[in-house]
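Working notes for the structure below.
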Amino acid sequence: MGELYRGFERELLVPLWTQIGDLMPMAPQSKAQPHLWRWDQLLPLAERAGELVPVGRGGERRAIALANPGLGGKPFAAPTLWAAIQYLNPGEDAPVHRHTQNAFRFVIEGEGVWTVVDGDPVAMRRGDFLPQPGWNWHGHHNSSDRPMAWLDGLDIPFQYFTDATFFEFGPDEVETREAPHHSRSERLWSHPGLRPLSLIRPTPATPLLAYRWEHTDRALAEQLALEAEGYDVTVEPGHAAVRFTNPATGGDVMPTLRAEFHRLAPDTATTPVREVGASVYQIFEGEGEVSVAGRKWQTSRGDLFVVPSWQPLAIETSTGLDLFRFSDAPIIERLELHRGRVEEANR
Amino acid sequence: MGELYRGFERELLVPLWTQIGDLMPMAPQSKAQPHLWRWDQLLPLAERAGELVPVGRGGERRAIALANPGLGGKPFAAPTLWAAIQYLNPGEDAPVHRHTQNAFRFVIEGEGVWTVVDGDPVAMRRGDFLPQPGWNWHGHHNSSDRPMAWLDGLDIPFQYFTDATFFEFGPDEVETREAPHHSRSERLWSHPGLRPLSLIRPTPATPLLAYRWEHTDRALAEQLALEAEGYDVTVEPGHAAVRFTNPATGGDVMPTLRAEFHRLAPDTATTPVREVGASVYQIFEGEGEVSVAGRKWQTSRGDLFVVPSWQPLAIETSTGLDLFRFSDAPIIERLELHRGRVEEANR
Amino acid sequence: MGELYRGFERELLVPLWTQIGDLMPMAPQSKAQPHLWRWDQLLPLAERAGELVPVGRGGERRAIALANPGLGGKPFAAPTLWAAIQYLNPGEDAPVHRHTQNAFRFVIEGEGVWTVVDGDPVAMRRGDFLPQPGWNWHGHHNSSDRPMAWLDGLDIPFQYFTDATFFEFGPDEVETREAPHHSRSERLWSHPGLRPLSLIRPTPATPLLAYRWEHTDRALAEQLALEAEGYDVTVEPGHAAVRFTNPATGGDVMPTLRAEFHRLAPDTATTPVREVGASVYQIFEGEGEVSVAGRKWQTSRGDLFVVPSWQPLAIETSTGLDLFRFSDAPIIERLELHRGRVEEANR
Amino acid sequence: MGELYRGFERELLVPLWTQIGDLMPMAPQSKAQPHLWRWDQLLPLAERAGELVPVGRGGERRAIALANPGLGGKPFAAPTLWAAIQYLNPGEDAPVHRHTQNAFRFVIEGEGVWTVVDGDPVAMRRGDFLPQPGWNWHGHHNSSDRPMAWLDGLDIPFQYFTDATFFEFGPDEVETREAPHHSRSERLWSHPGLRPLSLIRPTPATPLLAYRWEHTDRALAEQLALEAEGYDVTVEPGHAAVRFTNPATGGDVMPTLRAEFHRLAPDTATTPVREVGASVYQIFEGEGEVSVAGRKWQTSRGDLFVVPSWQPLAIETSTGLDLFRFSDAPIIERLELHRGRVEEANR
């Protein structure tokens, strides 16, 4: 028998029967762990990096990534997802580049930075969700007199795993320092249900580059108001939610990333749910107790936590709680790996 | 030979060779004619009908349809399209019913009527586009002290032709006399790029029941402003346009009807175009000269005109011109009958 | 009141309230009638036309169309569908042309004609279904020493109604007189589940130009054999059926026409069904009693009958019965007018 | 600075600027290496395992996986792909189970094993491609008096990475020992362009469980014959290829795996190509020189080789060469990561 196994090794072979328990478990057993990163720990480190680490060509971005404790020190929040705090000092430019990785920014606080996407300057303000679909040129500049920090989300781990990544350098400085309140993309696309006739073909990623807080906030408030008026429009009692979508298709903003915003009314507890695929949440406002697979944390503004695939998540709040969420759900769904399929087959 | 033709007749047969010129022309030869109906002729007749003709069960609606002069007196604006002026007096109810026909209202002037769609009261105001997808219960009530007239568009001729129509009576009065400024559908769906998570499945027709003038007006104004700033975002110079779309799919609002709004800047002349499929236009504001297949009309607010399939259309304006348009383009496109296909095949 | 109606007439207007009963019935009330044409009446007339009427440029085809008794003498089997017997003498060419109308041939008996589609000669033999998607060049030639008759099905009435038809003349004679047993399209596409890698993009209509009887016959026989073995694979007991599909999409062979083949085992009676949309059936083999909306006919080989929209159809046979069917179902389904939608909404 | 990095480490953070070169290269830099496994080395090891290692519950399968030398000893042929030799002795059963992983068998030689899929016994013979979509119950039994080996392909590494895997045990023995020449799935689905009317809904994976060599062989032979007759139907001169597709959609057989068969005529050299995504090839017949990113191998029947993402591949043969290929292309394409997108964006 030993000779057989030595033969396997020599010929670069591995038998299934020694691996099957790990590789093919009864249900997903993510190596990734539930974990919480506290904003009041993250922000000072980002500020310190702002003092010590230059931003510029080569390193490209002053971004500090969450490294899931189960993933061997790699800068991956979950197997498929990248989440980082990016920090930009007054007057700094994050140089222009493009890459196949899909990205977005979500702003927990502050303002004064414009991200310039293919020449279109997009203001970043608290509560805004700013998608950055793959292969668009983009750089950032801080036109204010204060530093600014925000959340970057990308599919870096997924594209790294599938060996699909391309990257190109652009100019060291952004092509325009215009600082308009609204981007051109919004002026074209941010009108509900209306599409410009000159741009009628569907694109695989959203042409709308800014989803403003005022719209998100109002949509969530309306859901809770309608619920109070007796209409069944929330996910569950006290739990409003919206998905950010591509106005040209109604689907997810980007082919690999889903983004949502959830609002829990005061004194709400969610039903525990588990889903195939990983999510990262950031507390936007309020306080609450988050429980993932038995781990529990008291959370407040800016805190980030990871829910690995198939781990049950429950949230409780007395103050009310606003949460931003992003996930790899489009990967799971487009490849028919979502939970529904398993459940339907089980019937 | 005569005997042969008598045999055909007896057996209910018709030879192709006597019919082919009419049935299979080199290019579409619509029986429908280009025609203009003037608002200042239509409105007085509608007002007179308001005095003489009751609205209620049986007749259902006080609607007066455009009858294309080429279509043998049938109440069809074009072979596939129905367009009518509907008129409702103060305090009147148009009784509740539902039908498979897809419908919409477009408001050229006035306000004070609510259309109640599956229990959701939708205010109607100047410039609003109000889709009414097939098989929803709906009735209207005029809560104001003034009569109101508007444009109804439907696919009645198409569903009549394809024998696809179902119809049911509901209550004689609308189920609610609430008169909110915004419908529940808007409170859920009229947030750009945002979808309620509880309503995530695509529906074949739009869940958004009101596209408000303020959004349409702003979207068009932004296109012309961006054009003035040097960006190529209009259909052609001085010609801005938006399509009304289903926010759950990015596609047309209803499976058989397309709706658009066009704005021509002052001193603009459009390039003549022709398309497979029929359109009806209503002048919303401004004045201009419309030319369809050699027919020319000076037009102003409220005037309606029909462009039959494959007839060239050109419009000129010195004052600037706002036009609402609806068409059967989804029928043509979903069945692969659009012009692009012919042209591509010709290359 | 009379003045009002005269005003309507003068201004080319028609009120809904006088029309609604006809235009918007409770359920489809087709003008078309159920009707049967007997092959033993049709064929002699086609033969006589073969003696008297030349085939050639202008008339284009010696095709004799079914004229539904409810449709005012028009050569339309149903509002949307054209069905005709085409007849070609030995040595004759039906000249080359192309048109946007989608077409097919179905062969009830005989052989010896090749239809040449964009230069690809396609043999026609008993039982074969031969689609002819819109805008392909095509002509036919009879290379045998016997005349041949077959069924042509097209969407002429639909494209006539929607004003979507384009037509072009090609050469008077077909470009090749090769007479291969299989067309090139079959050599590329008639391998189950296999697609040529060089032709991987979906096309709106099928690239496969011949569906041979041997395959259809075997597929139906297998369904009945599997049923006999205890598996639930038929439409209903004793009733096997296949749909002809585009191998590049799995969908209907053409955007406006559906084609199916049904086989009833001896001593089978179908459950009455009614559907939105019209169908034409041809008896291929066997005898049976057909009942449509109360009309009943004893039918045999070659007989053709029409089932208008929403008319109940039932079939009984003691000998067993093979039926070819085509319909406008893709129009109904792509435009969301199918019965399922109504029924779901009724729940 | 050291303190900053210690802070990062303590808080489970990793800066982008130290990682970007590895994580975001200019073009895909797969950790996987091009590698060849020789059949005459693999088969004896499988035979030896057949003598020493039992097959049964727990280990489930006597499968020996290719372990790419760049992937740290894991049993992964490529980051996303599993490829293994499975071996079954006369009279043995591979016990019944199901899993979300998509799988297939490809038979390089031999016969006598039936794989029983949801109760349907599917014979396995040389040249056959036998898909096994996720979550179907399946087991194998060897009814012959000779052992049999074949290639198993799965998406195990991908579903392991995305934490999407579910697994269930079934009976220890297959539910039927029937050994029909054709499975029920073939009797229903293996008729070109024909779909059973009772099974008309699209399924995410193919309902056809066997793609027989006789069809594949003929499709390839026809392509080369048509090329010789002057038609442009091959991928490139002398290079015929088919894709195995879902007859209900025309798309790939399974949501994560693509399978193709390629035939090179004698004295053919392919143009070097590179693609995003990984492939595994097996030589089915003939001999040839394979070159991947500068590595070159003389190959013959049964040899397996891996082409990592974006590595150029070229093949030359004087004898003619038949190759089976499978890849993760559906993952890449459904998530819009294919090369075309990059190239179009570059224009």
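Note that the chains are named A, B, C and D in the order they appear, and that numbering of residues resets to 1 at the start of each chain.
Keep in mind that, in the parts below, a contact is a pair of C-beta atoms (placed from the backbone, for glycine too) under 8 Å apart; a residue touches a chain by one contact, two chains touch by 3 or more.
Chain by chain, the UniProt names read as follows: A, B, C, D = Gentisate 1,2-dioxygenase.
If you're wondering where the values come from, they're calculated on a predicted model, not measured in any experiment.
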item: Any chain that touches subunit D and subunit B; value: A, C
item: Selected pair, greater C-beta contact count between A-D and C-D; value: A-D
item: Type of subunit B:subunit C copy interface by residue overlap (half), same or different; value: same
item: Distance from the mean Cα position of subunit C to that of subunit A, given in whole angstrom; value: 52
item: Chain centre separation (subunit A, subunit D; CA means) in Å; value: 32
item: Rounded Å distance, subunit C centre to subunit D centre (Cα mean); value: 41
item: Contact graph of the chains (line, ring, star, complete, other); value: ring
item: Pairs of chains satisfying the touch condition; value: A-B, A-D, B-C, C-D
item: For the subunit B and subunit C complex, residues of the former touching the latter; value: 1, 4, 7-8, 11-17, 19-20, 23-30, 32, 35, 37, 41-42, 45, 48-49, 52-53, 58-69, 73-75, 79-80, 84, 99-101, 134-135, 156, 159-168, 204-205, 255-256, 276-278, 308-310, 328, 330-332, 334-337, 341-342, 345
item: Subunit B to subunit A touching residues, read off their complex; value: 184, 187-200, 202, 206, 208, 211, 215-216, 218-219, 222-223, 225-226, 231-235, 241-250, 253, 260, 262
